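The two complexes that follow have subunit A in common; it is paired with subunit B in the first and with subunit C in the second.
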Partner chain A sequence: MSPLRERAAVSYVLAAPGGLWMLVALVAPTLFIAWVSFWASRTFALSNALTLANYVKFFTRPAYVRVLGDTVEQAIVMMLITGVIGYSIAYFLVVHVRRPAFQLALFLLLVVPFWTSALIRTIAWIPFLGVNGVINQALLLLGIVDRPVEAFLFTRTGITLAQTSFYTLLATGPVVYTLRNIPRSLPEAAQCLHATPLRVFWRIVFPLTLPGVVIGQILVFLNVMADFATAQAIGGHKLAFLGNLVILLYESGQLTFAAVVGVLLMIAMLLGVAVLLKVVDIRRLGAP
Partner chain B sequence: MIPWRVRQRLVAATLGTVVGLFLLYQWLPLLIMAVLSFTGPEGGTTFPMRGVSLHWYGELFRVQMIDDFKPPMARSVALALACSITTATLSVAAAQAMRARFRGSGVYFYLILLGVMAPGLLVGFGVALLARMFGLGLAWYSSTFAVHIVWTLPFGFLTMLAVFNRFDRRLEEAALTLRATRWTTFWRITFPLVLPGVIGAGLFGFTLSYDEFARSLFATGPEQTLPLVIYAQFDRQLQPTLYAIGTMTTIVSLGAVTVFALLFRLVKRRNRI
Partner chain C sequence: MADRPDLELIGVTKRFGAFTAVRDVSLAVEHGQFVCLLGPSGCGKTTTLRMIAGLEEVDAGEIRIAGVRVNERPPWQRDIAMMFQDFALFPHMTVARQVAFGLEMLRRPAAEIRRRVAETLGAFDIAAFADRKPDTLSGGQKQRVALARALITEPRILLLDEPIGSLDFSLREAVMLELRDVQRRLGISFVWVTHDQNEAFSLGDRVVVMTHARIEQVGTPEDIAERPRTRFVATFVQGTNVFDGTVERAEGDHVRVRTATGSFVVPARDGRPPDPGEAVSFSVRAALVTAQPGGEHVNQVGAVCHAVEYLGAIRRYDFRLVDGRSLKLEEFTGRGRRIAEGEAITLGWRVEDGVLHAPAEAPA
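Entry: the complex of A and B
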């Protein structure tokens, strides 16, 4: 065997710690949730009989099914919003900002809040959205409304406003990456052949950035589906997504039913990612 | 028809406005929180401010029965440091292993990436259920640490994969041809060249763990981390103390990013020479 070829045995040893960590702290707990979700009894014992009744219970209660629908709907709304804004930001950064210093400054201004705690950023939205909040005070001052609007705090609109600020950059990053990799000669060639700018964008540029768009959409989808903190903080305890339902059930001691909701959340997320992954192979990212 | 130059200017202006508004949108809440944290002792959680003071920062450092933020902050920093080192080590090992495309490396890739895809709340929930099954206690230095690595490792791993993808294999081959051992080759050639990536992986480990809330929620025992304590306080009552702690932790996060960025530049510069 050539000494230059990597040895498989070494690879297994190197791969083992990370892999085992994932198996113990991620795969095992996840499978355990799935198992618990089928338990027929509320007592905590491995000897429990298994049943589908917990799932039947979920789908026969309109209130629970509505939470599932709301969660998916919110994810789709957020994907649309962050997709459009995120792409615009990426396009501006890569195509329209020429000076490297300006590019770096903009990049830092965008990324710095993104690096701060999500929880803190959620809390920071409260003085903005309330009845006495900044938005309302600004609206009153400008004379746009004559009474404070109550539609921001404790509503879906408020959650959407906050989530837009949290997740848009997830949709920007991968697009920046793919846009950068487009050789300038490609759109220029199309222009030489008298393609209109709009046509150049839709036929050349956009298809080449599609992998970035899809990865951004996956990130936004996963984050919004799993987000419960925004809903809890800004929605007050009035609005719930699947994650909030898990907490609610866990706190009231209904562990098996919390597990059912957890499993359904994971299935919904897996389905979404499977659909989006049909479009690109993420392992090719970063390759020259 | 509008001339080409004008049209391009129009597009740039429109997109520039979008970016500008978005920046405002990102920064205003944080800035307003920072301003409101300096309100007077009588001040509330919205405008108008009642005077200017450091009252709420002082409140943070006064020892209280329930909401003393100092021990949780120390725990969070210790946990973040542990996650930083562990993430950097494990992701270098895992990414180095992936270069050989061993049997099962495709599955392995997705196994690690699962950590990003799995909803944090549920990972914590599953660990809590398992711990309960086996009668094990939950603690920030054991169960919380375990679930934080699940979250931070994929980021470090992807960073290192990208670094190795662009890595010039001929440098290692040259060393091996000159009869350096694999061990020497790795530490003398490979590692110094990928060090900026390793620092990046460590940064992910630190900041992601320091801010993590969803995974910690169910997996942490009675000794809570900072985000959990902040959230509990927030759930009870919103006070300007929270703005003060928010402003302070934001500064800690930014400090961490700055330190890592400086390290990164230092290494890059050294590699160039």
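Entry: the complex of A and C
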């Protein structure tokens, strides 16, 4: 228990510097963007009239709505892929690799690539995915294809491949944590109650790791929704998600419309997180 | 199959790398028996239990349940149930769901599961919190839920790994008696692992004393307490005095043993009489040592009273012999005077109350 009572004056004082920082750096700019998105004119003026027209414009242009749909779809696809791969990695690390030293070594191996900057990691994918890239050469060498596959670079497939490598670990970490917290006696007790390994997994292990799965999914969801760099580098300029749209509009000087897209992106993220949190109460994470 | 023992271990061995956790253990548990595996921590008793459950593989030997070899069968195909020390309740399931789990896994019809869960919840007096999750239950309640969950499938054998070790001390006695009643009522075999001698002696039809991966002695509580087979068993059992010495000579069915505090006569063991000069040990129960030795108390030794414990029905004395070793004496209160601390006195015991130990087995 904290020695501070919740409503004691001193706790407000202690929270004030952080709170002030959040207010200036996060809350105020966010509210400002929301405000800009309702401006009737494109130029900056405090007396701008407010209107819903910007939002109407967004939802009446099929191209924009499609970008919104693509972004959400990409996030869902990435959650599915990283969820399955990430869980498998976590399960392997915790359940099958029994020796702690080996466990740590493998985990480091997974983490080391993330010591380089996101930009470099993104660019590093290009020589892999190109028509004469590493993947194509390997496929040709193995005789799996007889012509280079062009579907890797400047495509959704390429973006998905790269994002899988970037975000799988986000789905792994929280699952490793929740898996480790399951006492060995629980699956053993289930086995002694005539549960086969598959049923032990679905009835005991998976439900107990669900908080970790959900946290991982939130991290992946938010990262993919906000990711514009991967689409820009690997998707070329043929593909855009909401993040790319914001940049595009901003660079072409359409500030109010960029704000509209930004607000919609934020709403989509909040909705997604709200839905995920419905599944499980993450405040109980770590409780036995 | 009624003539077959519920459980047989035949030469069972378990190794973890270079460490042998269980060495050549053989044991039979008859139908409806209450067997306690007793020993210090690390003696292999829990590993033995886990092999019976199928949670550890057997490296050598054979385990049979109702006469059928089960070495290759996984836990979920064995006719056993297990209670864990931490109870291993599933934190995400209500009490009713936990109790139903075993029957669901056996794919019993839903109507049967409902009926039997209701019966079991009633029988174990846990119906009142059927819809609660384990983290809201007390230790005693958790223990009853774990027991109900284990027994609902009507297993042939219930394995219990220190099942009351995590309960408050004040609860243990009552829970022990409750478990004993359940075992008698259902007539199923219990294999109970404990390091607590009182638990083993008050519950077990038979007690199996283990140390260093091996069985030292199997017998009734009386056998273990009154006729310890080895020096280890004698030291492990409370209220037993152990003497170490060398054989002076064998006199027919008696052996004279020289110790640091005198020479004593002990009944010989069956089989080969020990050679003179051989190192041996023997024990005498504290309750059979008397402070008023008469002619029949052939073995006598001078001692000084060091401490007295008053335990209600009995008084327990701690004497010191001339070499500083302790000798314990227990006598009923209400008869005879209390010996004062510091008082020098002669103690004695009858020849037939000494128990010569089997020679220590060479550690393999």
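Just a few scattered comments:
We take it that the second predicted complex is superposed on the first by the 273 of 288 C-alpha atoms of A that agree within 3 Å, B and C clash if a C-alpha of one lies under 4 Å from a C-alpha of the other, contacts with A are read in each partner's own complex, and residues count from 1 in each chain.
Following the convention adopted for this analysis, a residue touches a chain if its C-beta (ideal position, glycine included) is under 8 Å from a C-beta of that chain, and two chains touch if they have at least 3 such contacts.
Note that the structure is a prediction, hence the values are computed from the model and not measured.
Aligning the shared subunit A places subunit B and subunit C next to each other free of steric conflict. In the overlay built on the shared chain, the residue A:L248 is in contact with neither subunit B nor subunit C.
Contacts of A:A171 after superposition: neither subunit B nor subunit C is touched. Residue contacts after overlaying the shared chain place A:I204 against subunit C, while subunit B stays out of touching range. In the overlay built on the shared chain, the residue A:I120 is in contact with subunit B alone; subunit C does not reach it.
Residue contacts after overlaying the shared chain place A:L276 against neither subunit B nor subunit C. In the superposition on chain A, A:M79 makes contact with neither subunit B nor subunit C. Put subunit B and subunit C next to each other and count what each touches on subunit A; the higher total goes to B. In the superposition on chain A, contact is made by A:A189 with subunit C only, not with subunit B. Nearest C-alpha atoms belonging to subunit B and subunit C sit 6 Å apart in the superposition, given in whole angstrom. Applying the stated touch rule to the two superposed structures, the overlap between the subunit B and subunit C interfaces on subunit A comprises residues 287-288.
By the touch criterion given at the top, residues 4, 7-8, 11-12, 15-16, 18-19, 22-23, 25-30, 32-33, 36, 45-47, 90-91, 93-94, 96-100, 102-103, 105, 108-109, 111-112, 114-123, 125-127, 129-130, 132-133, 146-147, 149-150, 153, 157-158, 161-162, 165-166, 173, 176-177, 182, 207, 210-211, 213-214, 217-218, 227, 230-231, 234-235, 238, 242-243, 246, 249-250, 253-254, 257 of subunit B touch subunit A in their complex. Contacts from subunit A toward subunit B in the complex involve residues 3-4, 6-8, 10-15, 17-19, 21-30, 32-33, 36, 44, 46, 85, 88-89, 91-93, 96, 106, 109-110, 112-121, 123-128, 130, 132-134, 137, 164-165, 168, 197, 222, 225-226, 228-229, 232-233, 243, 246-247, 250, 255, 258-259, 262, 265-266, 269-270, 273, 283, 285-288.
By the touch criterion stated above, subunit A contacts subunit C in their complex at residues 183, 185-186, 188-196, 199, 203-204, 207-208, 287-288. Residues 53-55, 74-77, 80-82, 84-86, 88, 90-92, 101-102, 105-106, 135, 149-150, 153, 159 of subunit C are the ones that touch subunit A when the two sit in their complex.
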